[in-house]
Structure formats: structure tokens, C-alpha cells
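The structure follows.
First chain written, first letter: the chains are A, B, C, D, E, F, G, H, I and J, and each begins at residue 1.
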Amino acid sequence: MLFLARMDVQFPSHLSPEDVTRMQGLEKEYSQALQQKGRLTSIWRVVGEYANYSVFDVASNDELHGVLSGFPMYPYMKIKVTPLAKHPNSVR
Amino acid sequence: MLFLARMDVQFPSHLSPEDVTRMQGLEKEYSQALQQKGRLTSIWRVVGEYANYSVFDVASNDELHGVLSGFPMYPYMKIKVTPLAKHPNSVR
Amino acid sequence: MLFLARMDVQFPSHLSPEDVTRMQGLEKEYSQALQQKGRLTSIWRVVGEYANYSVFDVASNDELHGVLSGFPMYPYMKIKVTPLAKHPNSVR
Amino acid sequence: MLFLARMDVQFPSHLSPEDVTRMQGLEKEYSQALQQKGRLTSIWRVVGEYANYSVFDVASNDELHGVLSGFPMYPYMKIKVTPLAKHPNSVR
Amino acid sequence: MLFLARMDVQFPSHLSPEDVTRMQGLEKEYSQALQQKGRLTSIWRVVGEYANYSVFDVASNDELHGVLSGFPMYPYMKIKVTPLAKHPNSVR
Amino acid sequence: MLFLARMDVQFPSHLSPEDVTRMQGLEKEYSQALQQKGRLTSIWRVVGEYANYSVFDVASNDELHGVLSGFPMYPYMKIKVTPLAKHPNSVR
Amino acid sequence: MLFLARMDVQFPSHLSPEDVTRMQGLEKEYSQALQQKGRLTSIWRVVGEYANYSVFDVASNDELHGVLSGFPMYPYMKIKVTPLAKHPNSVR
Amino acid sequence: MLFLARMDVQFPSHLSPEDVTRMQGLEKEYSQALQQKGRLTSIWRVVGEYANYSVFDVASNDELHGVLSGFPMYPYMKIKVTPLAKHPNSVR
Amino acid sequence: MLFLARMDVQFPSHLSPEDVTRMQGLEKEYSQALQQKGRLTSIWRVVGEYANYSVFDVASNDELHGVLSGFPMYPYMKIKVTPLAKHPNSVR
Amino acid sequence: MLFLARMDVQFPSHLSPEDVTRMQGLEKEYSQALQQKGRLTSIWRVVGEYANYSVFDVASNDELHGVLSGFPMYPYMKIKVTPLAKHPNSVR
């Protein structure tokens, strides 16, 4: 079951550059593990913004919320989720 | 080069049901040809709306505009395009 | 799996009062069948608006889109869907 | 008498993690007491957001404002209330 | 129990001037009956707009929806309702 | 001459609880004096929000700005003013 | 007492060009009479739009609503009114 | 050549009251000099807001940007500029 | 003096395809004449939309409004104008 | 391939004036190098705002994101990108 998420990152100004770098490292690990498990099937950078569009493949809304709230940078992200269904014109 | 498009369909009330059905048939053909050529890599229905999110893979903005304006239902669609770049956390 | 939907109805002006009444009758049947099957667990009128908030319980996004697009008044409704997860403070 | 509320939480950055944890504990107690008294009939997490949709059953607007402003995290929540009426298609 | 409503009127272009005048007459009667019964305690014109702000005093959300949907011009109005509570600084 | 104002309060995070309490006390005095003079004819709490809707009765725009900017909490309020006129259906 | 109004014109498509021309003629007369009486102190075209910003000088909200609703093109205008007060830095 | 500007002031919370007072003094001088030179032909307070609408008369966009960015409080203002043209109904 | 304009086209449904084609022909002539005279220095299609961004070089706001309102398709366009000034980092 | 970007600058309040000046110097160098390489073909100041509209000429979305995220003031800018295509009426 697929969901599109737009995720915008905004770090509070009190975070040190080291905190930011460390969190970005944890974020990369978490994101890549999700991709390897097939939970996160695509992730793209929005050109010119500290934001991404991602496609998640999960079994339920609860699983999706668990996946999203597990992102190390979750407290600093504004996320909007759109549920997706099969499109009648899709060849897949 | 990838672009995300959200496409919302709104038919004017003067179109007959036959016109609509015919146009949906042409739309399906056009969409599936684009998918077979690899120009349209994904298309999903937005749950509960006459709208889709689609991912296009094209060589240029001009090509993308040609592809989009070629949709048979283009005059009845409101389209918003977001350019996508590679995300540093993507494993692909 | 629960989803909240806000559904706003707007009939085009060319519909006759008879068409509207007939469609509202079909809508009621469809809605009550969904409630009896447990797919639609709550439906409330938004005070002062031709709109409702509804809670759907379905197994997948595809099922939800099928349910929503099956409403007799679907062509005349603007629907916004919000996926819901279990809240940690909920006693249920 | 039912009301739907969307409640978005945003903690100011000067709160310590301990303050946040303590407040979340108080919030849970308060929320569950409201549920046991039947004032709060449903509470759901919005997937991907620090937000909830809740349904309140109260005797008056004044009671509702008292209930909402009594939440321990009330100073850190943005709340939007929608009054609900019985829907003619509801079987309940 | 008080509610503030903003009501914006928009007649469809197919209504004849006679229909409009007739409906405005019915609206006036309905509105004044509500005022005499104390259900509608204030109604003001928004300067420069075909719109009003009104204060309703009703016993429940269901009663309010009944009152609002009973306006002869209800099909041509966009209504937004805000529930009001006693303000701690109010001398009344 | 009547005006409707929506007033939303937001205290900056550097204010101490004592400052807030003191300002709320001054606000109450100021508000009640305005009510006794007939300048502020109604004030209601918006349910679930640190906001109010108020009706002012003043002789001019300049007087209204003086009244509003004199609120002790004026620097912490976002105010939107709507000029009101007599409604043709009003019985008053 | 001054008010700024932004007025956007939108004619319904069923008006004939003759109706439009005739109404624009009546509008000009009305507008210029208001200017000669000092009720309308300035009127400017918004560049690129069928819209204007106007400054009205009236004795009350009721007078302003009368002036605005008297425009021949009032049924085809969307008007937003902002009450103005003397600015402390103004030399006038 | 005329332009309408809406200017909203928001001081950051770290400014001391003395800084604010000093800047307001400089602002007044600058504003009145502009008025005496005929560059700023009107300035009005928006009732209830720390904002103004101003009309500027300048020879070019570059001159206008110079005038606006020269305001002592420019770093703390959000400005929106609307170019104005002669209105066909204006008697001036 | 430069201005950026975003122009969105929307034809009313009662225009025949012939009317549209004829108007697009007139539009092209007008647009190209403006380009040859140097009044319109750039015009780009917004990808996926019946809209353009254009840069105009004119001597005054009045000239710009004349140029814009002279477009054959002006009655069917929504135009938003942004005045531009020289940027300090520009090498031109 | 052309893209229009609107870039709004907002410095956090903890930056010292020296930091700001230094960053503006680096920004100028970076911007002018981009212009000399033909990647940034136009940059204009939005009158009255700390913002610009810029036109970029790049070979791909990835190149554009690299160019934009390389701006020294990138962390303090909100950027919105619009892909542009050739306009049929353009003489270039």
C-alpha cells in the first residue's frame, strides 16, 4: 500500500553544526535501511529546498506512522501524507 | 531527469458523458504509450479525488511541456510540476 | 485501518431538483449499506455546510478509493482524506 | 453534542526533554480521564504529524472550552474546533 | 449557547431578478422570526460585501444546523460557524 | 458605529509567568472599563483558542485604533477588524 | 473618516458587450459624482488587473456601505474594505 | 508614478524598548522628509495593526526600492508593493 | 524599468474553438510586435500550465497597464505584476 | 534549459552584523561567478523585499540543485523553482 509524503526539514537555530551533521548521518542510515527493507521505495530531493518527496510501501497506517516518527530528524520535519491507490491507466 | 506532477481533472459541465468516456479512452492510450516509452515512470490515483501524482522522466523542460500538453484531457487538467533531484540518502 | 474524510457537496446548476432528490436517495442507501458493513463507522454533518466528516474502516487505500468513488454523488463532491493511526493516549 | 477538534502540538525550543516527557505524562492522564468520563469519545493520531483529530461529547460550548483549555499541553497546541450535527444518512 | 456565523451569499446566474427578490423577501421573514424567538440575537452587514456576521443562541449543534439550513437562501450561502464561550473579561 | 474584531493572543516565550499574569490582570481592567463605557459591547472567547471576537461601538476609525492600541496586551495580539453596517433584516 | 477599498470586477459571461459598455458608462458617472462630493478621494487602477484601489471619506460605516452598494457594477465586484486611521508620522 | 505599499512591522524580541523607541524616532524623521519631498504622498495606519498603507510617487522602480530600503525600520518590515495606473473614472 | 508578470489564461466555455484559434493568432502578432519594439524582453511558458512569465521594459506604470490591457486575450487572463529593481549582485 | 527561481532571504536573529556582511560578500562572488559562467542569466531585486527573481540556465535538475544549494546564503533562503519552456509567441 503506497503513500506519498512531502517532508520539509527545519532545524531550530539552537542546534550546533555538529548536532546537525550527526543527525544527518543517523538519518541516512535509517533511510537506507528502510529502502533496503522495501518500506521506502523512492526518495527525491525537491530542487532548491531542504525537502523531499518520498514513496512509502507499508501494510497499514499504523506502520507508516511508526516508520515516519522513527526518522531521527522527525522532530524537525513537517510531513504531509497523501494515500495513493492504483491508477486505472497504470501499466504496472 | 525526473519531475513530479500533480494533475487534477475537472470536466466542464457542457461535456456529454459520451465525450467524457471517449476522452478517457484516448487518455488511457496516450498514458500507456508514455509509460511504455519510459517517459512516465509512475502514475498513482490520489485516494478520493479525480487527481493523480505522476513521475516523468524526460530530457528537458521543453520535452516535459510537450508531453503534458499532449494529454487528450490537458485542457481539463490543472497541473503543478515539481522538479526533482537525486537525494543524497537514496540508494538508487 | 481508519481514515477521516471531509466531503463537500456541490451540485452543478444544471441538475434539476428531481435529479438532486433522486441522487440523495441513492446516496442514503449506499451510505447506510457501508455503515451496516462496518466500512463507514461514523458520519457527521458539518454545522451550516453541505459537508460531512466521515470515518472509514478499510483494509487498504485501494479499497478506500473504491468505496469513495462508488458514492452516487462522488462526481459532485470534493473529498480530502487524512490517514489516521492509533493515538498513544487512546484507551481503545 | 459532538465537536471535532484538530489539535497540533508545537513545543517551544526552550523546554527541556524532561519537561516535555513530564507534560506528555500529565497529558495522557488527563486525556484518559476524559475518555473514561465519556467527554472524549475518540482520539486518533494524524499519520506523520504531531497532531490528532479528536471527537468531544459535551453539553455546551463553555464546557468544551473548559475541557480543551484544561489540557496540560494546551499552551503548546493550536486547536481548530468544528461543531458536528446528526447526519441524515447516519444509522446511529 | 452562542455561535458566530459568517454567511456569504452568491446567487447562481440563472436566477431571475424576480426569483432573487422573492427569495430575499422570504429570507427577511425567516430572519425576523428567528430574531423574535431569540435564536438570532444579532445580524450585521459586512461593509461592501453581500455577507453578514450573525450571532445565534441555540441549545445544541443540531438546533443550529436546523436553523441555518432552514434559511430560504441557504442553498446560495457559504456559511462558516465559530462556537463561542464566555470570555473571562466579559462583564455580562 | 460597530466593528467586529478578532483578536489572537501570542505571548513571546521570554515573558515570565508573572509578567503574563500581571498583564492579564491589566487587560481585564482595561477591557471591563471599555465595556462600562459602552465602547466594547460584546466579547466572546473562541472555543479552544487563545482568541476572542469582540464588537466595538465607536465614533470613528481613529477612536477605534486608539481603543485597540491601548490594550495592555496589544503588542502580543494579532487583530483583524471588520467594519459592520446595519443589516436590512435586523429588527434592531 | 477614511477607508481603503480594493474592488475586483468580474462580469458573468452572459452579459452582452452592450450591457457591459452601458454599465461602465453608468459606473463612470456614479464614480465621478462621488469624487465631486468628496466621498471618493482617490481611485487608481491596479496595473494589469480589472481592479482598483479607492480611498473613501465618509461619516460612518453605514454611509460607506450605502456608497459601495450603490455602484452600478456592485453586483459584479468583490470588495474588501480596510479602515484607516491617522498615522503618527503623517505630516497632514 | 504611483505605487501602493502595505508595510507590516515586526520587531524581533531581542530589541530593547530603547532601541525600538530610537528607531521609531529615526523612522518618523525619514518618513516626514519623504513626505516633504513629495515622494510619500499619503501614509495611513491600518486600524488595529502595526501596519500602514502608503502611496509613493517616484520616477522608477529603482528609486522606489531605494526609498523603501532606506527606512530605518526596513529590516523589520514586510512590504508588499502594488503598481498603480491612472483610473479611467478618476477626475484628477 | 522592468516588471515581471505572471499571466494565466482561462477561456470561458462558451468560446468556440474557432474564436480561440483566431484570438491566439492575434495574440501572437501583438506579442511579437511588443518584442520587436523591446517592450516585452522575455516570455516563457510555465511547464504544464496555460500560463507564462514575461518581463516587460516600459517607461511607466501607465504604459505597462496600456500594454497589458491591449493583449487580445486580456479579458481571459489573470495577471499578477511584480516591479523589479536592479540587484546589487547583477553583473549587467 | 531555463528555470525561474524566487529566493527570499531571512537571516536568523542570532547572526551578527559582521556575519551578515561577510556572507553577503561571499554571496556576491558566488552569484557573479555563476553569471560569468552563464548559469545565472538574470537576477532582479523584488522592489521592497529582501528577495530576488532569478533565471537559471542549466543542463539538468541535479545541476540546478547543486547551483542553488551552493549559494553561501542557501541555509537562510526560501526558494521556489518554476521550470520554464519555450513560449510559442517568443521571437527568440
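Brief remarks follow.
Everything below uses one rule, namely that a contact is a pair of C-beta atoms (placed from the backbone, for glycine too) under 8 Å apart; a residue touches a chain by one contact, two chains touch by 3 or more.
Since the model is a prediction, treat every value here as computed from it, not as a measurement.
Among the remaining chains, those touching subunit B and also subunit E are C.
To overlay subunit F on subunit J by their CA atoms, one rotates by 145 degrees, a value rounded to a multiple of 5.
Averaged C-alpha coordinates give centres for subunit H and subunit I that are 29 Å from one another. Centroid to centroid, with C-alpha atoms defining each point, subunit A and subunit F lie 43 Å apart.
With centres taken as mean Cα positions, subunit H sits 50 Å from subunit C. Residue positions 2-3, 45, 47, 61, 64-65, 81, 83-86 of subunit F are each in touch with at least two other chains. Chains touching one another form the pairs A-B, A-C, A-D, A-J, B-C, B-I, B-J, C-D, C-E, D-E, D-F, E-F, E-G, F-G, F-H, G-H, G-I, H-I, H-J, I-J. Interface residues of subunit D facing subunit C in the complex, by the touch rule stated above, are 2, 4, 27-28, 31-32, 35-36, 42-47, 52-53, 55, 82-92. Listing the residues of subunit F that touch subunit D in their complex gives 13, 45, 47-49. Residues 1-3, 60-62, 64-65, 81, 83-86 of subunit B are the ones that touch subunit J when the two sit in their complex. For subunit J in complex with subunit A, the touching residues are 3, 5, 12, 14, 61, 64-65, 68-69, 78-81.
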